[in-house]
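Here come two complexes built around chain A, the first alongside chain B, the second alongside chain C.
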Partner chain A sequence: MKGLLYLTFNYILYHRWKTAVMIACLFLTAILPVTISGLIRSFEKSIYTRSEMTPVVIGPEGSALDLTLRALYFNRGSGEDRLKTISMSEQEEVLRDGLAIAIPIHCLYEAKQFPIVATTGDYFRFRNLKIAQGEPLAILGECLLGADCAGELGLVPGDQLLSDRPKLLDLAGDYPLKMTVAGVLAKNGSPDDKGVFVDLKTAWIIQGLGHGHQDLQSPEQDENVVRQDGQIKALPSKVVPYTEITESNIESFHFHGDTSSFPVSAIIAVPKDIKSQTLLEARYQNNDRGVQFVRPVESIKEMMSVLLRVRQFFMINTILIAVSTLLLTALVLLLSLKLRHGERETMFKLGCRGGTIIALQVMEMLIVGVVATVLVLAVSWFGSSLAGSYFDSWITRGGS
Partner chain B sequence: MSSRSLIILALPLIFCLGWGCERPTDGPESVSVFQQLQDKTQSRKIAATSYPLVAMAGSITGEEYEVWMPAKADKIPSAEEIRRLQSSDVLLTNGPGTAYATWLPMVTLDRKKIFETTTHSFELTDFIQVREHKIVHSHGGEGEHSHFWMVPHCWLNPRLALLQGKEVCDKLCEMYPEDADSFRANFEVLESSLKEASKAADACKDLLKAKKTSLLLSDPRLKHFARALGAEADCLLWFEPEELQLAKEHLQEKIAQKKTDGQSLLLWARDPTSDECDLVSGLKWVQLDLIESPDSQKGISRRVKDNFKLLVEGVKASVEIKDGSQ
Partner chain C sequence: MIHIQNLDFRYPRAAFQLVINDLKIETGEKVAFVGPSGSGKTTLLNLISGITLARSGTIEVAGNHVGSLSDKQRRDFRVAKIGFVFQRFELIEYLNVSDNILFPFLINPSVDCTPEVRHRMMGLADTVGIASLLKRYPRQLSQGEQQRVAICRALILSPPLILADEPTGNLDPANKEIILDLMLSEFEARTRTFVVVTHDQSVAQKCDRMIDFSSFHHQLKTGEAVS
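Coming up: the complex of A and B.
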């Protein structure tokens, strides 16, 4: 056996370019279908795991897939649909009779292009998100950063982060909020790693539904105002282009209106059991509140069925290419055997058995095949593992 | 071919097969997630936003439970207190219309843990609204406006205090069913003493009528107390000493109105400053207990009842002065 391997390796080393070309042929033929198959599998795994963990999503009428992606991936999408919301009072409808636990999600804004996700403490327990650094949310204006978000922005607890203006040129629009980073979440390999988590009330302040007041009469404001003829005017240069909630002004913050009528993007419902889920679904059939009940797994399956149809066409093409490559490889082998006719004869004359000569040829092919397979699998595995987090990010950014 | 070579050749195939057979991992069943989210590990820690609720909950639960409130009821709790609030089993609060802890909307708390003691038991007519004169401002399309202020000191009215106590008892019985019997027994004691305070209020009401005494309140915080006496008393709308000038004008106006019918008695919600004493000199006044902070000597129902005793003494003294002057 040792002699066989010795001879084969020496042959391969001597004919290194010929061997390299054969390995490259096999590698290039296999790499594309294997990698794409791996990527699709990785995408499926990523998207199905999250959707299976989220039994029900309740949100505004429209595309069920858009709603699913918004609730699961904080996808902002584009167009008018992304601004559609439902009333916070829907939470009470979900909670009624103890059929399910309701977790509201508000994701209309961004901070440095990372989604600002406003929710309640149940979300962190539901997704099993733990705090790696800092403290949980305590007061208005604080945020918790996902691990990737904190890493990419280089922020640690105590730092500040400004929310983005929804429209750059809309000067009269929602005022950005300067948030304080309370903590950073441990990485959990999901879209949550890229989120900026805040309390719902903080998001409503960004939306302009709540605000604070400055006491311009206080002497502390002397450098920011002009007092003239009994009137107080704020100096334009001293007006900051953002809202900041500080110890000194937090008590002046309040909301106009009933917070139960305030908007949320979606509500994740976790039903007690299948029966509760069915009863809950019945509540949303033919409702006139403009609210829909969606099972994320079904929406994702629908999307994946389109993707799988494309993959089937692709696989047929791949099989045809693979057959042609195998035929070409067989041809190369036959030609190689013809070329090595003299070599075989010499070995035979030296006393080598016919079986050993065949084993030598088979061993060479096996080595070529194994090297090509290992290369294909290594590249494909590397690509798939990189793709996992890329897919989450890609879906979050609305496929752009 | 040796076995080692076979293993070397077979490994990539096994890896390939294993990789090919990989399936998306199933997420946890929604049932178990529901249970996990519902799982309330009880710490027997009860938080409240006002002292009366602490006192009521404490008298219902006894000493086996930790009943507490943040150090300052009118200031945002410290970070440590917020974490303690977040880890408490329940946060007893007044509820909309009688909101006492103004910091509540500023703090991140689990909505499910907040229990409003006035939301279901109070009638609409039990709430008292006053226009807050302090902050007049303008924003949005509303123009210049001030916000309404809802009087939170409902516990000064024994009837409302009893309703709150009942709500607290029911909630605690639901949360800790194993101790429900002892909670109900403790509540009966609280209930009977608050009913006694109610009787004291009725007696006081009759006395005010007999002596033709009308009430003036230093500030709206006493409005629930006055309502327990069947009176919609005027208040002078001052909270802070710096509003003295405003109060002075208001007081003169009110006294001029009251002079026409019977005598007036001014009810104070706190120690008057020397300026304020000058302002109300010649007018009989009684200082009442807002029951906002603990008193190691007296329980909640005793303090509610004592306010009526103080008023009775004040009315009697006022009548004696009036008779003496005549």
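Coming up: the complex of A and C.
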């Protein structure tokens, strides 16, 4: 056996290019289907795990899948759909009769291309998110960063992060808000790792529904008032809203209107039991508020069924390529056997048994096969391990 | 060393027939098989070594009845009793010179490649003048050097019988002379029996005895050996 191994390795080393080509052929044939299967499994696992943990999502009418991706993956989507929201009062509807816990999610803006996710403290408990550094959200204008977001941006508690301006050339549009990093969440291998979590009110300030500015009621600011009509004061352009919430100006921040009418992207509902879920679903059937009730698992299943149909076509194609490659490999081996006829004859004459000669050639094939397999598994494993976080951020970015 | 009696061999579906009533080759004797191609010289080497089996008759080599040995016993017999030298050298292209010399040990689990064997290999290589080439591969050697490696491989197990099939057939005249002298001196020094198949009269004439297959194109009978 030792002698056979020695001979085999010498043969492989001597014919290293031929061996490398054979390994490359097998590797290239197997790598695509194996990796894609692995990636799809990883994607399925990742996406199903999150959707199964989120029993119900309530949000604006439209695509159930878009709503699911927005609520679970903070996908901002594109086009007009991304601006569709429901009223915050919908939370009360979900909470009514104690059928479920209602967790609002508002996800319209970004900071350095990471999604700003406005929610309540229930969300962190629901997703079991722990704080690794710093403190939880306490005051307006603070944010909690997901582990990947903090890592990629190099931010730690106490640093500041500016929200992205949604429309760069719209000078009359929303102003970016400089947020203070209150803490960093522990990594949990989900889209939460890439989130910038803020309080709902902070998001509404970014959206322009609330703001803070110089106190124009004080007598010393009268010179700044351009025109006054009763309680309504016209401000000159030099009085701009604050773009940062600090201890000194936090008192000046206020909202115009009833916050229960303010928008949220979706509400995650966690029903107490199946019966509560059914009752809740009934409540949303044929409602005229433009709100829909979605079971994320079903939306994801629908999406995956399309993906799996595509995979089937791909696999058929791959099988055909694999068969042709294996036939070519067999041809190469047969030609190799023919070329080595003299060697076999010599071995036989020198007293080697036929089985040993066959074992020698089988061992070479095995080594080629094993090396190709190991390479395929290693690359596939590496790809799959990267895929989890990649898929999450891919979905979060809206598939771009 | 070799005693053949009542041998009758023919290949299936072929007109060729080799019949030997009685042939003896003594220990230490150097014998040349000469004659035209297809006259049965190589066939007789194969029969002596047990690579091919005769349907009738007996071949006794170094006390072993070749025909009555099992497959395994025949393999062990070849390993222990016979050293081969081939016309095309039959070196293994992917092994270097030292591994080619030690090749019988690599393919036969019945023999161990001990440090003494390696020492013997070095000695043999030194004797035939290839000690400086041990790390080279066959393609890096001249034909004369390749045949020297093949001679070392034949001698490494110290077999009592050497069978050589046209060992100088692929060599230029200068190398032929050197290799032949080297083989004969080495075999003589080790008192080995040497049977060589050759078309070359000069090779045959250096042997103790010549058996001419030419007048027995299909049939060789005892006692018809010449000189």
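Side notes on the structure shown:
Just so it is clear, the second predicted complex is superposed on the first by the 372 of 400 C-alpha atoms of A that agree within 3 Å, B and C clash if a C-alpha of one lies under 4 Å from a C-alpha of the other, contacts with A are read in each partner's own complex, and residues count from 1 in each chain.
Just so we're on the same page, a contact is a pair of C-beta atoms (placed from the backbone, for glycine too) under 8 Å apart; a residue touches a chain by one contact, two chains touch by 3 or more.
Keep in mind it's a predicted model, so treat the numbers as computed, not measured.
Contacts of A:Lys301 after superposition: neither chain B nor chain C is touched.
Of the two partner chains placed around the shared chain by superposition, chain C is the only one that A:Thr346 touches, whereas chain B remains out of contact. Once the two complexes are laid over each other on the shared chain, residue contacts for A:Tyr6 go to chain C alone; chain B is not touched. Contact with chain B, but none with chain C, is seen for A:Ile101 once the two complexes are overlaid on the shared chain. Shared-chain residue A:Thr356: touches chain C; no touch with chain B.
Of the two partner chains placed by superposition, only chain B is touched by A:Ile139; chain C is not.
In the superposed model, A:His211 lies in contact with chain B only, and not with chain C. Comparing chain B with chain C, the partner in contact with more residues of chain A is B. The residues of chain A shared by its contacts with chain B and with chain C are 1.
Chain A contributes residues 1, 3-4, 6-7, 10-11, 13-15, 342-343, 345-353, 356 to its touches with chain C in the complex.
Across the complex, chain A is touched by residues 49, 51, 71-72, 75-79, 84, 86, 88, 90, 92-95, 99, 103-109, 113, 137 of chain C. Of all residues in chain A, only 1, 5, 38, 41, 44-45, 48-55, 100-101, 120-122, 125-126, 135-140, 142, 199, 201, 211, 213, 247, 250-251, 253-256, 259, 270-273, 277, 366, 370, 373-374, 377, 381 touch chain B in the complex they form. By the touch criterion given at the top, residues 1-2, 5, 9, 12, 15-16, 19, 22, 24-28, 30-31, 33-34, 36-38, 75-76, 79, 82-83, 86, 102-103, 105-108, 110-111, 135, 137, 139-140, 147 of chain B touch chain A in their complex.
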